[in-house]
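Beneath this line is the structure, given in structure tokens, with notes to follow.
Think of it as A, B, C and D in the order they're written, each chain with its own count starting at 1.
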Amino acid sequence: MVSAHGKVRVAVNGFGTIGKRVADAVAKQPDMVLVGVTKTRPSFEARRAKEKGYPLYLAGNGSREEFESAGLPVAGTLAELLAKSDIVVDAAPDKVGRENAKLYKDLGLRAIFQGGEKAEVAEASFNALGNFDACRGKRTLRVVSCNTTGIARAASVLVPRYGVDHWEVTLVRRASDPAETKKGPINGILPTFQLPSHHGPDVRTIFPDLPIATTALVVPTTLMHVHVNHVRLRRPPTDAKEVLSAFRATPRFHLFAPWEHADGTPQVMEYARDRGIGFNDMMENVLWEEGLRLEGSDAYFFQAIHQESIVVPENIDAIRAACELSDGPTSIRTTDRALGLSA
Amino acid sequence: MVSAHGKVRVAVNGFGTIGKRVADAVAKQPDMVLVGVTKTRPSFEARRAKEKGYPLYLAGNGSREEFESAGLPVAGTLAELLAKSDIVVDAAPDKVGRENAKLYKDLGLRAIFQGGEKAEVAEASFNALGNFDACRGKRTLRVVSCNTTGIARAASVLVPRYGVDHWEVTLVRRASDPAETKKGPINGILPTFQLPSHHGPDVRTIFPDLPIATTALVVPTTLMHVHVNHVRLRRPPTDAKEVLSAFRATPRFHLFAPWEHADGTPQVMEYARDRGIGFNDMMENVLWEEGLRLEGSDAYFFQAIHQESIVVPENIDAIRAACELSDGPTSIRTTDRALGLSA
Amino acid sequence: MVSAHGKVRVAVNGFGTIGKRVADAVAKQPDMVLVGVTKTRPSFEARRAKEKGYPLYLAGNGSREEFESAGLPVAGTLAELLAKSDIVVDAAPDKVGRENAKLYKDLGLRAIFQGGEKAEVAEASFNALGNFDACRGKRTLRVVSCNTTGIARAASVLVPRYGVDHWEVTLVRRASDPAETKKGPINGILPTFQLPSHHGPDVRTIFPDLPIATTALVVPTTLMHVHVNHVRLRRPPTDAKEVLSAFRATPRFHLFAPWEHADGTPQVMEYARDRGIGFNDMMENVLWEEGLRLEGSDAYFFQAIHQESIVVPENIDAIRAACELSDGPTSIRTTDRALGLSA
Amino acid sequence: MVSAHGKVRVAVNGFGTIGKRVADAVAKQPDMVLVGVTKTRPSFEARRAKEKGYPLYLAGNGSREEFESAGLPVAGTLAELLAKSDIVVDAAPDKVGRENAKLYKDLGLRAIFQGGEKAEVAEASFNALGNFDACRGKRTLRVVSCNTTGIARAASVLVPRYGVDHWEVTLVRRASDPAETKKGPINGILPTFQLPSHHGPDVRTIFPDLPIATTALVVPTTLMHVHVNHVRLRRPPTDAKEVLSAFRATPRFHLFAPWEHADGTPQVMEYARDRGIGFNDMMENVLWEEGLRLEGSDAYFFQAIHQESIVVPENIDAIRAACELSDGPTSIRTTDRALGLSA
């Protein structure tokens, strides 16, 4: 499915944390065109959209006048944007995507949804390393959430190589994104009293039979989630080095060596600022060489997940899967090169 | 071992976070007398010692003049305090206790050390529910650290009842105590790259064969640690209710019901303030009824550990064990009644 | 106005942060009786009310069944509580007090409101040191908010002694109370774009002509507010010592000496825990000797304000003012002695 | 002073928070060449230096072997770097610059120091808008600290236009930089008991007679400082709009309009990430239109200061002043264009 000009025309509905990143990423792809983005009210983010030359459309109950008085004339309504597009990435707030889904369906439009929606919103749940092929040609896909994406990527490394007998993850979750100033807690830890948490079943939308149990709690930080993993592998690796090499050889993994002194998520984010991709983003799963230990068949490892950006390359690949533009490895390679992620 | 007046004479060396609590606890026991406490420099804590009528002695390189000019005359030196005491609770900063150990030994004084010291500092490591009997009559004991105490207590419930095939704990640790203003991080998560962490081996100083593996990370909060536990029990409990009842029936466990709305550690500490024991202390392991789930032989549960106070009753019981004042259950009962902990 | 038994019968409507403290304080006064408290749903706080023997009444749309199934039988409804009371302290959430005011008026009941309500809710705004006499005999009073109370107390020291030509306060506000886990920000500073802030006009409900301008911002902490004051006095004090002495000689001020090492609000709260009044409360304005500087007629000083408890003694005094039980100084002395605040 | 190739050869000694930013900025200037940077140990920051093609030299007691085993061969020692340079920007940790100063002097090398050093370290203290001309041709300059730079810039707008009778600033300081994970406090406010704080006298190294008094406190955030200003102007502006226009027309000021919804420092930093200059930097003083109020001659305003980057353009201009490369306005224009700061 390719437009006349040879590129897929993509609309991004919603220009918040995920939407603004996906829009940038779409604009950088060789086989996609960003038709426009939507916003419900003017803001500094809307202003950046304009400065970047992204046509701005009105979503929700947004007011054209409000935008104009802010010096941000809009190019039209969501309906007008969708009419010009081959596919839409829905980056609306959680649960709004579900409402939007009806609209897209009525228009016969391909659509990519985010992990804040239930799996039922789309024909399949998607992760590029995990199940690209199974998703190819589905008209609607749901990119699983940041935490689920992180686990699915790690599963893509471990399951085919070693098999997994049992996997336990404690998800130590950041309480809010950096600019979500209304959310707490400021000082304290909040256990999630859903035991096991919903993340395990969500991973199984990608790896249906994975024997995984997850537990979650929320801590007062804004930077990244950290997963504490214990995986009992079916076939024991030779040593920890071998497992580290497997991660290192896989796209969308970033490993820190001990001499780099990346002691925790603040240093990882500092590295991300040094590197300068996206909005100081870390789209890869982050592992530490010191943070992996193998005891026979048991692998223990930490991984850090940047909640704001990890799903961005997945959205791009999901577009290619839904539009049947390429196979998985090619899509991942194209996406990552365009985004500047190291090979 | 009982003094002329029928009470054990206890010195508390160090009057910081642990020392000030142990001093209060000693003062409340029917079979103990607080001979005095030590401090190296005047502070609001030293002032409270005086206001509470605790004789203040000079420790370390403290200056008598400095105390006097603050209106806090001292009663003498550490050596003078020790000379009047039957036993000393060492609550000096980590690693200082090791130095003090030589002094106590030279004086032939019984001594209780804290978990910041290595196990070798004392004849045995101690936990009241875990190994009171084995510690009876040892002249020197080490009360294990807050996290280890929390795990040892839980083991005291689970091991005899069900047996344990495997236990995994992720320790989500508070970064600093409330008044330790120099320590961070302010925003971020720091994994502990010791895999497994030292807590597992430390628990085995109490339960030598426990198959336990622990992992730790540090988060920006001051209130409590939270443990995420997964225990594979040897003999499956009937149901979760039975396990909850076992915890509830054991001293030094506090369970919150769902209707109490104690969503996380901030609410637990708010409860502690409402209750008013000690310095808004929570000397019990805190569990949530909603925060325990049983799947066959696998028990998953959260427990919160108040790092400042959980070892306080243990220090008291350790005094009784070292001085052979009573058996374990009697000591626990006496301690808890004196401290106001619910039966 | 005194009941048959010689004591004023007080109802506390609302048993949250302020209500639970006021209830405890009422229960300790020699001339008051706590008739009961209200709660809308069961919680650990409601449980404490029961454990303390405070009759529990249903407020709002609370369900009697819900309380009973939690083992907390209620004594009746708010209406029944009010019928047995001479005066009610309204400690309902902000803006609910305004609705309650109509009910109290219909019942002809005296009432004390909190500073979250607008001044119009009551006949007068109240501060014990500031305007007790002017409030005597008013049937309805509003205890001004924590920040306004803190400033009004300081004004009570400075205005009569020196006169004030100009006063500027920057209020560095804590973002949430310790157990309010839903509120942020976690990392960041939020200026209050109301310039000057509402606190200045609110102080003038107590000191009508005070030339005061206030500015506020919110920071990610839960413990205390800190005020940065610059006061231009009409008549220059002799020296800083004289001003410090004036504060020290006034009830409801607590000063820290340099040797106490109370470096900031975490240490102040640690002192409060050591002292053990209320819920580790600091009902006094906190000043630091090092934190006051005089340059001619210009006094600069920091003061810390414990948002949870500073208005508690003020509510007690307001009851006495409304019920004409005593003069101001006597009331303050009685309140503070009952609460254990140092003379 | 221009090298053979027509560009000034700049060494950056130290590659931490300031050094890495200054190095990038130097590399972007049309009239400068970055000769190299120094580092004492390998780290992810050192790795970035190499990836950016910056020659890496050994500083302090750094070990060549340690760098080599990390795959980061060094180009030589600090002495070798300095021998190839016309000027050095000292970005060593506080107080180390003072030691380095002797070395630079012995080599007869021009040098730029940071504000963590005392004023005596250099012939003059520098701020581009404030005193470029007075600094021209001095062989050593000290760029004042982030907070002082922020105030000096604001003074550069207000002093010439209106005159200043009195200026008060409360500095609400961030406690640590984002990746400084060892520093606290985590929860609490720490007043600075130096009254007034050192910032006022530091501003007077640029504006010698400015009647300014500053007060400071530290709060648990990593993002930005916020200044609360009250300036009594000698000549009253027409209205707030006029003052806002004056700020807006000046380089290195960024103003947010109300419709941009930049409520506090988290949103300002989010804007910085959206904009993508440097390491998500905000090198300008940040003001909010809503956050400025004029009452006659009294201007009240908030400004936010990004501690990590605000001095970066100043260092570049200081190089030009020391090397007499251009006049102040030309330098500022050149610097800002190269850095992508809006005109």
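We take it that a contact is a pair of C-beta atoms (placed from the backbone, for glycine too) under 8 Å apart; a residue touches a chain by one contact, two chains touch by 3 or more.
Source: prediction; values computed, not measured.
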* Which pair, B-C or C-D, has more C-beta contacts? -> C-D
* Hey, which chain ends up farthest from subunit A, C-alpha centres compared? -> C
* Structure fact -> Between the Cα centroids of subunit A and subunit C the separation in whole angstrom comes to 48
* Determine the centre-to-centre distance between subunit C and subunit D, using the mean Cα coordinates as centres, and give it in whole Å. => 43
* Structure fact -> The distance between the C-alpha centres of subunit B and subunit C, rounded to whole Å, is 35
* Structure fact -> Multi-chain contacts in subunit A, i.e. residues touching at least two other chains, fall at 178, 180-181, 185-188, 190, 220-222, 263-264, 266, 269
* Residues on subunit B engaged by subunit A in the complex (per definition of touch) -> 168, 170, 172, 174, 185, 187-191, 193, 195-196, 213, 215, 217-224, 226, 228, 230, 263-266, 269, 288, 290-293, 300-302, 304
* To do: Mind listing the subunit C positions that touch subunit A in their complex?
  => 175-176, 178, 180-188, 190, 220-222
* To do: Could you pull out which subunit C residues touch subunit B in their complex?
  => 20, 41-45, 47-48, 66, 69-70, 178-181, 186-187, 222, 256-257, 259-264, 266-267, 269-271, 273-276, 279-280
